[in-house]
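Across the two complexes that follow, subunit A remains constant while its partner is subunit B and subsequently subunit C.
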Partner chain A sequence: MIVEISHFLAIISTALFFLAGLFALTIKNTFYTTNLISKTFSHAFLFFSASFFIYIYLAITDDFSVQYIANHSNSALPIFYKISSIWSAHEGSMFLWIFFLALWGFIFNIFIKNTEILKPKTIGIISLVIVGFLLFLLITSNPFVTILPIAPVNGADINPVLQDPALAIHPPTLYLGYVGFVIPFACSMAFLINNDASVKWESLVRKWSVMAWIFLTIGITLGSWWAYYELGWGGYWFWDPVENVALMPWLAATAFLHSLSVSIKSSHLRTWTILLSISVFSLSLFGAFIVRSGIIDSVHSFANDPQRGLYLLAFISAIILISLSLFISRFSLTRNHRSIKTLSKESFISINNIFFVTLIFSIMLGVTYPLIYEYFYDQKISVGAPFYNAIFIPIVILASIFLFFSIESKWSRSLDLKIFINPIFISLFLSFVATLIVFINLEKINIFVLLSIFTGLLIIFRYLIEIWSSFVYKKYLNPFSAIAHFALGLLLVSISLNSLLSSERALNIKINEYEEYKDLNIYFRDLNLVKGPNYDSVKANFVVEDQNGKSFNLYPEKRRYSRRGQITTETAIYITPFRDIYLTIGDQLEDGSWIVNIQINFLIRWIWFSAFLMAFAGVVLISSKRKV
Partner chain B sequence: MNPIRKKRLLSIFFVFLFSVSGVSLILYSLNSNLDYFFTPSELKEVDIPTKKRIKIGGMVLEGSVDRNASDISFTITDYENSIVVLFEGIVPDLFKEGSGVVALGYLNDEIFYAEEVLAKHDENYMPPNLDIEK
Partner chain C sequence: MKILLKLLIISLPISFLFMFFVLLNEDKQIPGADYREFDLPIFNLEDLDSKRVIKNTDIKGASIINIWASWCITCQIEHPYLMSLNKRGIPVIGINYKDERDDAINWLSKFGNPYQLIIHDNKGSLALDMGVTGAPETFLVNNGKIVAHYQGEINASIWNKVFAPIIEEQGLFK
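Let's turn to the complex of A and B:
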């Protein structure tokens, strides 16, 4: 039985990872022990990846004697989805999660020289984290369980909403981001254990953290994009608990990267940086706990099991407790007796840290408050978009204004505002004019939305001036920071305009009838029954004509998947640079007409574009040769 | 008091002041933006102002779904009490008579005007607080 080999390899690797961790944390580090730890880790990884790839092979070859594969894959699926079916449910996705965790450790192990003083401890801590998760996998969520003696002839199917390329790559990307933060976490812990303030752990992890941050950013964006076209609700963000637990590590990671650059440049904010490295990693784990314990109702949550939740909760608590006590016992390591100059870059970034932490705290409260409330008052509640909007909009506006003024600030020196009057004045003027144009052309007015358009434009114009002067006057410009913050400005403007301009309506329309909505003329031309490979579908054909006389066809569908009997809505979207025409069909009424939902979503592509631009900024940083 | 200690005390005081006011602002906005969840029976026992957004969960009563143009009305029931819900738009794919549903909206004169109708993406889903053996 091949699956037993895979299972056995996973068990051996657990033991080896444990050994690596044990060596690293108990033996005094010399050149030889470092070598030993590094080798042990590499071998553990070798065994574990062999186990993982054998499992993928089993999925590709339809070995339905493995219960997990039988329940989540099907022989009719294309190979791509056979592989992605592995992470379509709890056990397999946990397997993938651990594989990535070990992969990050392995790459770190290869690229970092054995002479690096923090290396053995870092590898040791990563090993112990892996052991914690491997035990979780093997004890509570074993993907290797077999159906014996008689294996089913064919598997059940993968959930149809998951049969989608974006969703097949969304979880792996997100996981790569989540677990990537094990490196800064392990490194900061190694720094504390090592107990030497002169060791610069921050420079060691910079590029690794940016890399993990890129994956996290792309992962979240892919999820948002997928939800938009697949679920048929038409939004890009729902403040669903599971989205929130992904946003928290992202915010913490972003704050961490800011704080990290200060610690590298001037050894300030080292306390912040260590605390944030702990936060990012524990928030990633907290996300795993929320999604997998089923403690919170969400469209995303996996089938749940209290034992899993309990194990994860204990594991996370142990990690947080140990790391925090270590931090407290070595607190003097990170003290810096020079104080930060007012209006220096450091001061702006420390304010930025406070904003980010406030946002994280608010989300945390929003996610956990229903649980607390129900426990004390025995009343079910939920926290929705209004709360998050009320917190996020003012804080993001404030933070953007600080960002705007911080652009010219210098390390360790106060900002002299007088010199920078011109660029500030020009961008203020341009943003004001642009916002005024928006204001005049709109019927719906919301002061907060206008404000965030204004601040978004401030950032955009300010950076355009910077980019211009870097070309003309050869003025130095940090490309990473410029692109990332420019993307933030773009994101702010797109989100605001999207919320102001977008609209939707449910229409009631018969075949061969016309209906009007805004500037669009909608003609219901046809309706067909279509048979797909594993579903039956009702496919409608609409001809939509806009005010310029340009017309296009849209084919929204409603599918019924034969294997699971599940019904899904397939949206039809017509994409233009500035707006999407988004059509879904609902049910048929007794008089033969159909309910059709039409949405006009403005600038929605720009929202994802901004997010990808941010991730691209990270790529720029990683590929730059400049040290730090 | 020595000046260093005084300065330190002052900064601790300010940090404390800002944190407390920040946290209370967040808690305030949290409390004014909560959506309470009720089953039809629980709804009978409480008095809800019409401006308060709430959630109602239960099962869609068999035979209660009535569509009129793009409006839909149906009854949410826990098989003891029930409430009529009005909604404009497309109900989710998993919405069907006899299965679980959650509606978010406003109660006015015994009629629930829903802004959003949710059905879980899970065929075995049962709304919270309901364990009905059917």
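Let's turn to the complex of A and C:
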């Protein structure tokens, strides 16, 4: 049985990873032991990736004697989905998670020279984290279990909502982001164990952390995009608990990157940087715990199993407590006796850290409060958008205003705060005028939304001026920071305008009838029964005409998948640069009319574009030749 | 470093983690189960087989109401369990949901009939009034009052977790 080979290789690699960890943390590191540890790790990775690729091979060749593959794949699936079916449920996705974890370690192992003083300990810590997860996989969620002696003829099929290209890519990208933060975490721990303040662990991990951050950013954005068109949620963010547990590591990671740049430049904020490196990784693991323990109900949660939850929680607790105790016992390492100058770049970034941590705590509260409340009062409550909006909007506005002024600031020098210097004055003026135009042209007015438009525009104009002067006067500009912050400004403006302008309505409409909504004229032309490869579908045809007389067809569908009897809604979206026209079809009413939901979503593409632009900024940093 | 700060750094995550240990070990509500009581809706529908009119007042005493349809795959899966309930003498009433009469009768002759009475709700109007979102769903009704509701496949484990405690509490099916 090929699956047994895969299983066996996974077990061998567990032992090898454990050996690498044991060597690294117990033996005094010399050049030779570092070499040994590095080789052991590489071999462990080799065994583990062999195990993983054999498993992929089994999925491609439809080996339904493997229970997991029988439950989540099907011989009729295209090869692409046969592979992605591996991460469509708990066991396989955990397998992928560990593979990525080991992959990061392996690439780090190859690229970092053996002479690097922190390397052996870093590799050792990564190995132990891998061992923790591998034991979790092998003990509580074994993907290698077989159905013998009689294997089913065909598999049960992948969940239909997961049969989508964005979803096949969304989990792997997100996982690459989550587990990528094992590198800064392991490095900071190695730094603490090594007990030498002169070692610059921060510059070692800069590019690795940015890389993980890029994956996390793209992963979250892809998820948001997928929920919009595939789940028919019709928006970009829902403060769903699992979205929140992905946002927390992202916020922590973003704060970490900021703090890291200070620690690299001037050895300030090292305490913050180390604590944030621990937070990012713990929050990533916490996300895995929330999703896989069944403690909450969400679209993302996997099958409920308390034993898994308990193991993960114990594992996370061990990681957090060990790393924090280590941090406390080596606290003196991170101290810097010079104090930070007021209004220097360092001071702005430390304020930024506080903003980010406040946001993380608020989300944590929003995620845990319903659980605590239910425990004590036996009542379900939900904490939703109003709570998060109330907290996020003012803090983000405030943080953006700080960002706006920090652009002028210098490293280790106080900022001469003059409002009337040209760039600030010009961007204030332009933003004010632009916001005024928005204000005059709109019926609905919300002071907070206007404020966020204003601050978003401030950032955009300010950076446009910076970019201009870098081209014309050859003024120094950090392209990474400029693109990322410009994207933030764009994000703020798009989100605000989206919330201000977008609208939706449910229409009752019969075939051959017209209905009007806003500037749109909607004609229900036809309804057909369509047979797909593995589903039956009701496919409607609408002709929508806008005020300029431009008309287009939309085909929303309702599908019933034959294998699982699951009903899904396929949205029909007409995309223009500034707005999406979004149709979904619901049930038929007694009088023969259909419920059709229409949404006009303004600037929603710009929201994802801004997020991708942020990720692109990360790519710019990685590909730049600058050392740190 | 101030000892207080050290304590804070370590105790904050400990308390958080401890909280999750407590929450994890708590008996969670079973997803899909609902215990809100409400009156059986007033209805006037035909029997599947005889086309005789059935009213809500015809459902007396304690019984199980099961929503099913011939097109519903999960209904086939839970079907043997309903048969076993019937054997144990527990009255099971079927609501045939958004289904064709002939298909439903064929289905029953193929798999067996666990139901004492089958209400043909082909428009799903009664099911709508009962808060049904799809088939299969199962209700426990006592003297014209719904006392428990479960969405999804019913089996021995769900029966023991969702319905058995209420049956015990109210002393039904004795």
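Quick notes
Note that in this section the second predicted complex is superposed on the first by the 625 of 628 C-alpha atoms of A that agree within 3 Å, B and C clash if a C-alpha of one lies under 4 Å from a C-alpha of the other, contacts with A are read in each partner's own complex, and residues count from 1 in each chain.
The rule is simple: contacts are C-beta pairs under 8 Å (C-beta built on N, C-alpha and C of every residue); 3 or more make two chains touch, one makes a residue touch a chain.
Since this is a predicted model, take the numbers as computed values, not measurements.
Following the overlay on subunit A, a clash is recorded for the pair subunit B and subunit C. Once the two complexes are overlaid on the shared chain, A:Ile424 sits clear of subunit B and of subunit C alike. Touch criterion met: A:Leu324 reaches subunit C, while subunit B stays clear of it.
In the superposed pair of complexes, A:Ala617 makes contact with neither subunit B nor subunit C. In the overlay built on the shared chain, the residue A:Ser293 is in contact with subunit C alone; subunit B does not reach it. Of the two partner chains, subunit B is the only one that A:Asn597 touches; subunit C does not reach it. Legend: residue contacts after superposition of the two complexes on their common chain; A:Ile340 is shown touching neither subunit B nor subunit C.
Once the two complexes are laid over each other on the shared chain, residue contacts for A:Ile316 go to subunit C alone; subunit B is not touched. In the superposition on chain A, contact is made by A:Thr584 with subunit B only, not with subunit C. The superposed model shows subunit C running into subunit B at a single listed stretch; among 74-82, 110-118 or 128-136 it is 128-136.
The intersection of subunit A residues touching subunit B with those touching subunit C, taken from the two complexes, comprises 297, 380, 564-565, 567, 590. On subunit C, the positions that touch subunit A within their shared complex are 1, 6, 9-10, 13-14, 16-17, 19-26, 28-29, 31, 71-74, 123, 134.
Interface of subunit A with subunit C (complex): residues 275, 282, 289, 293-295, 297, 304, 306, 309-310, 313, 316-317, 320-321, 324-325, 327-328, 331-332, 364, 368, 371-372, 375, 380, 564-565, 567, 590. On subunit B, the positions that touch subunit A within their shared complex are 22-23, 26-27, 29-30, 33-38, 53, 55, 67, 69-70, 88-91, 93-94, 104, 120-121, 123, 128-129. Of all residues in subunit A, those touching subunit B in their complex are 161, 232, 297, 299, 358, 361-362, 365-366, 369, 373, 379-384, 386-387, 390-391, 506-508, 558, 564-569, 584-587, 589-590, 595, 597.
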